[in-house]
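A quick write-up on the structure given underneath.
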């Protein structure tokens, strides 16, 4: 059986199991509760491990990581150069690599080029530097139109770019993860790296917003 | 409009479930719904293409789950709401508002058979001749109108051969948006399955589409 | 697989409506589902490519209406059922069948941070040199596999310019179906908006996608 | 021709919620409202339903097919200008104004679909079956016609060319199936009785009779 036929059989077999959903309650809270109790009884999950994962992304991993990378790039030209030539290594220097963020590329916004990140196929997102993605990033409206009408999408975020700016939309179709380095806002010359990091928002590191002074 | 209705070439939509000696209407209401939408009074000069366009604006999940005639109800409601012939309150209550005047020009039963065999159609005489000839290689333009169009996504940018010319026909892309019939020459274009789907497709198979002149460019 | 998940370029999905100060979890069950996916035991050889493909196989109407972590629930359930690690009755009841032996190899809390730090490396060394160079014009091949692939429909058949080369990476089309990692050179290719969407698109903007060597051919 | 965005009904925010979810109730509600406003006459609805339940159906298309099988001159007219050839039958009209007949031969098998909605030759075949209007058929018939035909139990040889016709305009297609062997002494009416709706869509062949004149 050719690789193609095998894939076809395999997909059909998996899809068949999705028909269980007509026999399950629609409320996801009930279903997830039942799943956790089943997996615990079978020893397929340790609830304490579930807690640990939740806690990791609630308190240890989030957009503040990415903000630190951006602020450092703003104040340290040599770091910025390293970030541009090999973001994986440069972000690794700050110990901010990890699952869904092992192969990094930094996209520097300039007055002429504005970068925007999407995953049209699912929800790929640089978790170690930005934490978990917002719902809109994982939803059909953004996934469908970011590549087709980026200017229209940015308008819905209240960001209108002048005609002369070139927009580059990066569709995360592989395991490469993208971090937008927004433009440093004017009037922040005297701010410390920490103060600069505090200005950097999650949305500006996806590319749907600019950083305001 | 690149919405869920344009499903040519999609996978994952399940197996074809053909029902042996299937009745035209599975439940009584389906016949009533079909009948309402066919014989009701439409707004003045209502363009038929708009009916298809309004169905495309149905929310994607509803489009995939609601039955066919229920989607007709949605379209009929939109048409009458849009034209102000019914109000949202009237639709909700199923009762005419206090000031609503009753019309007496609805299609009568004895006119239905004639209506179903009426020969008004979308063909139009055109002054200038067709731009493309039978046998000519043409490419379906890579266009992404967010309004109504009859050029499916799977054929855009693909090259085929003109095999038939149907003369002038009303252009849905304009008609569906009250921009008049704007008739254009209509052609049947034949594409090889391999042009559409790559070399894994059967070498012998073909797909034919009826495409308006503005959809096409010389290849 | 040309599933409903491959939505780049679609209309009809409505406004984006970003939520201000959105919480990490919109309900406690979302957090539990997240933790189960990241900490739970999966069938032998299961991998992230297969996880994405199981999710793509969710029936389209459910895919469109169910929330994100509900997709995770449906995908984990399908993986468990497909591999025989759980039965439909167990999924429905939430209890292991009587007499089921309890495993003791589930991930422990003290392994979480290390897993988060080290997991998800997909780069692989490859002996063969890259077929394409930075700056070279390439075309995304017009392939329509029914199995898992990461070349979205909107770029297939389109010509772009290689921007980046990432070395060898695990090939999802093979890995998702447990046919081995089959690593290939991975490139980022830039497509002008006009190449993707036609002459009415912005003259300046472009969309880039990460594409494996087997997805590409010289243009 | 770019459509102005203003005329887009934003389907996300208008009355999805406050129409009855049960379609039967939703139908009754609309019918009673339109009747009260004089926008529809229930008797006309009855007439429409009866027309498609009893009078307009695949038997019409079968008559045209049988005539083409027995009358070569008619068949030639049918293949060159089906609309005028069918004129005399009185079948033209709603969803049957511009007809093209495509002939199946041992070398070519035709299959009709409407990937964008449900276009179908009502005047010749009546209202389309549910599977014709549903997503699985619309999605796959243009990309995997042989797979779809296999689901209808029809296996075609590699040497056969499958031609799929996507009804994207007002042109309505009818398949002229191959005449089955063993029907040489059949009357036109007996031939018509063999012709099924599915054969005229292209998802089936016309079966030869078990025994002649059975």
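A, B, C and D label the chains in the order they appear, each numbered from 1.
Rule of thumb we're sticking to: contacts are C-beta pairs under 8 Å (C-beta built on N, C-alpha and C of every residue); 3 or more make two chains touch, one makes a residue touch a chain.
Computed from a predicted model, the values in this text were never measured in an experiment.
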| item | value |
| --- | --- |
| Chain pair, A-B or A-C, that carries the greater number of C-beta contacts | A-C |
| Chain at maximum distance from chain C, centres defined as averaged CA atoms | D |
| Inter-centroid spacing, chain D versus chain C (mean Cα positions, whole Å) | 40 |
| Geometric centre distance via CA averages, chain C-chain A, whole Å | 13 |
| Chain B and chain D, separation of their C-alpha mean positions in angstrom | 15 |
| Set of chain B residues in contact with two or more other chains | 2, 9-14, 57, 59-60, 64, 144, 146, 196-197, 200-201 |
| Overlap residues in chain A, where contacts from two or more other chains coincide | 4, 15, 140, 148 |
| Chain C residues counted as touching two or more neighbouring chains | 1-2, 9-15, 56-57, 59-60, 64, 144-146, 196-197, 200 |
| Residues on chain C engaged by chain B in the complex (per definition of touch) | 1-4, 9-14, 56-57, 59-61, 64-65, 141-146, 153, 156-158, 196-198, 200-201 |
| Residue numbers on chain A that touch chain C, as the complex places them | 3-4, 6-8, 10-11, 13-15, 17-21, 23-24, 28-29, 31-39, 41-46, 48-54, 56-58, 60-61, 97-103, 105, 120-123, 128, 131-132, 134-136, 138-148, 150-151, 153, 156-157, 163-176, 203, 208 |
| Residue numbers on chain C that touch chain A, as the complex places them | 1, 5-19, 22, 24-29, 31-36, 38-41, 52-59, 62, 64, 66-70, 73-74, 76-79, 81-82, 85-86, 88, 90-96, 100, 102-109, 111-113, 115-123, 145-148, 150-152, 154, 164, 166, 169-170, 172-174, 176-179, 186, 188, 190, 196-197, 202, 204-212 |
| Contacting residues of chain B [partner chain D, same complex] | 5-11, 13-19, 22-29, 31-36, 38-41, 52, 54-55, 57-59, 62, 64, 66-70, 73-74, 76-78, 80-82, 85-86, 88, 90-96, 100, 102-113, 115-119, 121-123, 145-148, 150-152, 154, 164, 166, 169-174, 176-179, 182, 186, 188, 190, 196-197, 201-202, 204-212, 214 |
| Chain C contact footprint on chain B (complex, rising order) | 1-4, 9-14, 56-57, 59-61, 64-65, 141-144, 146, 153, 156-158, 196-198, 200-201 |
